[in-house]
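Each structure below appears as structure tokens.
Both complexes below contain subunit A, partnered by subunit B and then by subunit C.
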Partner chain A sequence: MSSLAHLLPLTVLLPITAGVLAPALFHRRGLACWWWALAAAILTFATTVTLWRQLQSGSTISYPLGGWPPPYGIELVFDGLAALMLVLCALSVLILLAARRYVEATVPSSRQSLFYALILINLGGMNGFVAAADLFNLFVFMEIFSISAYALVALARGPVAALAALKYLLVGAVSSLLVLLAVALLHAQTGSLNMSDVAGLLAQAEAPGASALALGCLVVGFLVKAAIFPLHFWLPDAHASAPSPVSALLSGLVVKMGIVGLVRTRILFAEAEIVPLLMLDNLLVWLGVIAILAGAVLAMVQRELKLMLAYSTVANMGYIALGIGLATPSAVSGALAHTVYHATIKTGLFLTAGSILLCTGLSRVDDLRGLGQRMPLTSGALVLGLLAATGIPPTAGFVGKWQIALGALQAGQAWVIGVILAGALLTLGWAIRVINSLFFRPPARARVITANEAPVSMLVPSVLLAVLAVSAGLGGAILLGLVEPLALAIVGADHDH
Partner chain B sequence: MRNALALLIVIVLAGLMMAGVSQLPPPGSPDGAVHRHVAAHYIDGGTEAGGAPNLVTAVLLNYRALDTYGEVVVIFAALVAVLAVGLSGHSRGPRRQPDELPVSPVVDRIIRLLAPFIALFALFMILEGHVLPGGGFQGGVVLGALLILLSLVLGPRRIRRMLPTPALFWTRAIAPLVFALTAIAGLALAGWLFALPEPAWLRELILVGLELAIGIGAALALVGFYLSLEADHHD
Partner chain C sequence: MITELFDLRPVAAPLISALCAFGIMLLGHHAGWRIALSLAASVVKFAVVLSMLPGALEGNVYRFSAGEILPGLEFAFRVDALGLFFGLVSSTLWVLTTIYAIAYMRGSHSLRRFFGFFALCVSTTQAIAFAENLLTLFIFYELLTICTYPLVIHSGTLEARRAGRRYLIYTLSGGAAILAGMVMVYQATGSLSLSTPGLLHAGIDERALLTMFVLLIGGFGVKAALMPLHAWLPTAMVAPTPVSALLHAVAVVKAGSFGLMRVIYNIFGVELLDTLGYHQVLAAIAAITIIVASLVALRQDVLKRRLAWSTISQLSYIVLAACLLAPLAALAAVIHIANQAFAKITLFFVAGAIEKTTGKKRISELDGIGKTMPWTMAAFTVASLSFMGVPLLAGFITKWYLSVGALAAGAPVYVGVMMASAILNAAYWLPILYRAWVKPPESPNPPRREAENLLLWPTLACAAYVIVLGLGAQAPAMPFALAQSAVAFAFGLEVVSP
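Take a look at the complex of A and B:
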């Protein structure tokens, strides 16, 4: 084992320690705290880049904490799935960059350090979650990023945000309890918590009913976290009413943790071969299909920009669930690629929507008429992001959907392609409404006429992510090549169904 | 109608869960999987290898230290969440809080009388946690309960003013910070993050330090929850 492996736990310790120190070091000094948080996030990103290069040059990195070999101690792994950390950290850096002005304008100075502390703790929790190879450890990190996420939603003042945060908290707590119950069930059957160890021992336990219950609890728990229809009902209010940088964080990154949990669950149960996974796959396909259509239709009937984006997240999580459920190599690699691409697109869209909200105070699409003249760069970034969200080639949204469609053909379910196309057309429908309002209608509000272009610290992440969103599809082959081994590992373990 | 439907769903779900759980090995049976695999290994060599006379402590602070670190972070994050969301400090109305809440003189006397003993018991639970059942979380909760009782008697302001705000934040952060320092000490002295280094006295010192930090952190989190709820109540 190379000494570089010691960096793996640091991806958790570094942001969390920085977050814990933030209120102590920077009470009432919001700007200094922002620099501190940004530096910590960049350092964490650099750590993940080093780990990733190590992963590219060799095999997966495993770290036994305290030197205790698994299953006696806790193990962290940096495998293909954990490489998602790279995206988590990179986007968190951009979110923090954009958050400064927003926080200065909306969060009272005595609480700014608490805001940054929660963002950093959230990042550390997500990093730990994607790298966890131990079931209880997975649960602990899920609690860390969940609790910080509830609080971040509630930081936006107002009755809608408070109610949304409460709903998010209650639903999230139920889903966490289901996951905990499943961990207990698996531990009771195997006496172990390490995932690959559990997978090996589960078949010997000869308790298919208890295993099926554990699988069911894990799936429902993670479907809630991933906001897959019909368990998405907490998402639109929470993501739309949160402070915009937080919306970007939740819709871009936190919701993807449910997918990571699902994939880890699927790998474990495919290895254990005690419960047939065909039903799970069919469930994911159907829920995905309904989510794509329902999410797109619901996005279409919204009037508020951020609510449209939130429902579009519901639809896009449907695409990812669909891809995983189809369980062919192309569909799963499409789903994994779409996880990364959607994170990029939606983070950019919410950050851009945040700039508009901060500069104009307006959130309804009809009120934003003519904003293209006053805030051309921000509006342009929004348009590019929306085009990418519809999945027009060669934008980032295209690659995943194309791969999922190919996978549907391989799986012999050609009708799914119709759903994918319908979802894209519906998305195009509301995207055109927004674009039309921004660029081709005369201003209807005085605040649009007096609005100025967003400050540089908000423009840079918005524009960067928008450019990435439309051009990253060109690098689709590279990303698909990177996720392919992981996709094969996910579907390869269960050829027999 | 809705209630009947909800009841039906609950009954069906409960039935499914019961059916699943009924397949588990009966609790307490010595040949259950829980007692054979990892736990048996801890019992065989855990006390010596884990470095703590109490096996539960060995598992919590050594074998599964990362989980305990995570739990400590969860508690800290919950406290930060309550402070960030709570209304206290946000709306300082002209109405001033009463400095002392009306507490019956009997309750007042008894709390004042028992306070030193409760504090001593809390400290005992924290410091002996690695030898006897108990430990930082339990002792911290007792200490936190004591501080809440005292804030009833002395008035919440006296408790609030005990520490200036930055020092208060340092103290609140003590558990995750000491854990992080221990992790790094483990890397420096034993070669692995979160490992407990070798000489027995150093290991014991670190365990006591960890338990103390966990106890103080848990106590302050409890008091923090209570005081911000209390402040909201009066605003």
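Take a look at the complex of A and C:
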């Protein structure tokens, strides 16, 4: 074990410790707490960069906690999937950057430290979740990021937010219980909790029915977390009513954890022949197709910008599920690339929507007419983000769609291409409405006319992410090269038997 | 025979316009900067594109690759004969249109946005012309759609927004079809390169080939205004005249025609298409479009709408010529890109100049306009005579080669189509000329009121070029030779002798 491996637990412990300490250290000192949170997030990011460079140069890094070797001890692994941490941390830093002014304006000072603490704990939970190598810790970290997410939604005041948070909490709790049940079932079957251990032992499991039930529970649990249609119903209200930086965090990053969970589940059951994975794949394809169309149509009928963005997340999670379900190397690598790209695009979009909400107090698209005159940079960033969300080449949204379409052909399901394109065109339908409203209509509201450009600390993350969203597609070959080994690992296990 | 050279110019040409757009967005508050940047960029770009002409005539092909964007797919530019021909036409016309637009748009709102996106459109058109593979072409094809949108709805009225929405629905659906076709081509061949005379081969499942053909042709056919995919074009004429002129007579619609030619000559290839026979259906559709659009044009009273329907008809000349799969007809297809562009832009410039100077938009109001605006109407006369196919003008060259090609391809029916189209063209242009020159004006001796110089000069320059293209088509330095080598490449011939 190289000394660098000690950095791995740090990615989890650093943000969680900093988060737990924050309310105690910085009560009623919001600005100081912001600096503290930002520093912690940046340090965590630096840690993941170091780990990632190690991963690039050699093999995966694993860390047995307390020195107990697996399968008895708890293990953290920094593998291809865990490299997602890099994205999680980088985007969290940007979210924190944008959050300061938003929090100052909307969160009472007694609760500000709580806000930053929850964001850090959420980040730690997600880092732990992607790196967890055993089932129980997978569950524990899932609870950490989920509960902090419920609390973050509830931090926004108002009846909608409270109700949304409650709905989110109830649905989330059910999905967590399902995952816990699955973990218990698998432990009963194999006597182990370490995932690679369980994967090997499942083949000799005595009661395949129980294993199948565990698979079902895991899939449903993670489908809820990933907000795959029709299990998405908790998402729009929660994401739209949460404070905007939190919306960015939830829509950009937290829902992606469901996908990570699904991928881990798929790898877990790939070696065992008890349950045909084909069924799971077909399920994902169909759910993905429905989610793409339903999400886009539902986004189209919304009037509030943040609700549109939230439904667009539903559609995009559909693309990712579809890509994984098609189970060809191109499609899976496309889905993984889209996970990263969509995280970037949607974080940027919600942060930008947050700037608009903060500067004008308006959220309905029709009220935002003419805002392009007053807030050109913010509005421009929103437009770029929307174009990327529709997947116009060469934006970031294009790469995933191209790869998934290619994968659909390879899987002999050419009709899926029609769905992918229909989804993109529908997305464009509502994106154009927003663009028209911002740039080509005269102002209808006094607050638009008096609005000023967003503060720099909000502008920088918005514009940076918008530029990334439209240009990152040009680096598609690089990102696809990075996720390819992982994609092959996911489908390769399938091809063995 | 063809030498590939690494060169920065293929990427520099689109980049100049893009940088110009960026500069305008930054500094465009001041009219001075806006005009200086637009003019400088258009002239510099024209020089860059033109500097590739001598080398291209010697058989050089310039290439630039910026690396892979998707596995196995490069973001690359490659200037071959066909691409340079289209690139030359669009960069020449950008210079003239910029001058025209500066005068025409004076006093309008949001000029920074207008000129910025105007330059971006030209940048993307140039990139379409120079794209090395279908993906690069497609990227800029879609960007062109996005960049023209703010220009179409520039006025911001309800009518403009409606036209803009219709434009986007049509062109982006077309784009989606292209994307689907492109994925299929890539899956079948592992490449999307446009540097071969035929990427697909006969070994591929015929149903798949048919699907690809329908998707790709249907997709590009939207911008090429092939019937029944044309409905966006007449409504999009709500845009300011320089936009209609450059984008809807040259850049956008020609990007569609150019894409169709790339699909026919570089993706399918003459040989494969000849055995498959799909081209005959497409040729029939193009012929129908030529006739029907002309019939509709006859009934239009608003000048710009008549021009729009005439564009739809003329664009299908290119498609028809390309579909005949005979070298001489192909020659007609390539040179008609230039012939139609110069003649049609002249007509649009005139329509805009009349509207700007007198406020008249309808043909029925143009009685005796030749007396008040003789130079403007002289340009109009030259261009419309060219469309009728009067010898010594550009349009005649197209009709001649297309007819000869049709005979060579064993389809004499299309000679009849050419004749019918010539008669129809006469039927909708001659009444305008009659009104302008022969009919007495409303008031007896109206004062001479020519359009202002900045509007008039570009118009006259275009009209003059229509004559030059007709008279001196075969002169050694003319792009005609470029068209010949493009056709020779597509058909695998040594030389194409007209």
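Basically, the second predicted complex is superposed on the first by the 495 of 497 C-alpha atoms of A that agree within 3 Å, B and C clash if a C-alpha of one lies under 4 Å from a C-alpha of the other, contacts with A are read in each partner's own complex, and residues count from 1 in each chain.
Here is the rule we go by: contacts are C-beta pairs under 8 Å (C-beta built on N, C-alpha and C of every residue); 3 or more make two chains touch, one makes a residue touch a chain.
These numbers come from a predicted model, not from an experiment.
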item	value
Touching partner for A:T106 - first (subunit B), second (subunit C), both, neither	neither
Subunit B versus subunit C as contact partner of A:S363, first or second or both or neither	neither
Touched subunit A residues, subunit B compared with subunit C	B
Partner chain in contact with A:G481 - subunit B first, subunit C second, else both or neither	second
Contacts of A:S196 with subunit B and subunit C, given as first, second, both or neither	neither
Which superposed partner A:P394 touches (first subunit B, second subunit C, both, neither)	second
Subunit C residues within the subunit A interface of the complex	67-71, 73, 75, 135, 138-139, 142-143, 146, 150, 153, 156, 161, 164-165, 168, 172-173, 176-177, 179-180, 183-184, 186-187
Residue ranges of subunit A touching subunit B (in the complex, touch as defined)	6, 9-10, 13, 16-17, 20-21, 23-24, 27, 63-68, 71-74, 76, 108, 110-111, 114-115, 117-118, 121, 124-125, 128, 136-137, 140-141, 143-144, 147-148, 150-151, 154-155, 165, 185, 187-193, 201, 205, 207-210, 212-214, 216
Subunit C-touching residues of subunit A, taken from the complex the two chains share	387, 392-394, 399, 402-403, 405-406, 409-410, 414, 417-418, 421-422, 424-425, 428, 432, 436, 439-442, 473-477, 480-481
Subunit A partner contacts - residues on subunit B that touch it in the complex	16-17, 19-25, 32-39, 41-42, 62-67, 70-71, 73-74, 76-78, 80-81, 83-85, 89-90, 165-166, 169-170, 172-173, 176-177, 180, 183, 186-187, 190-196
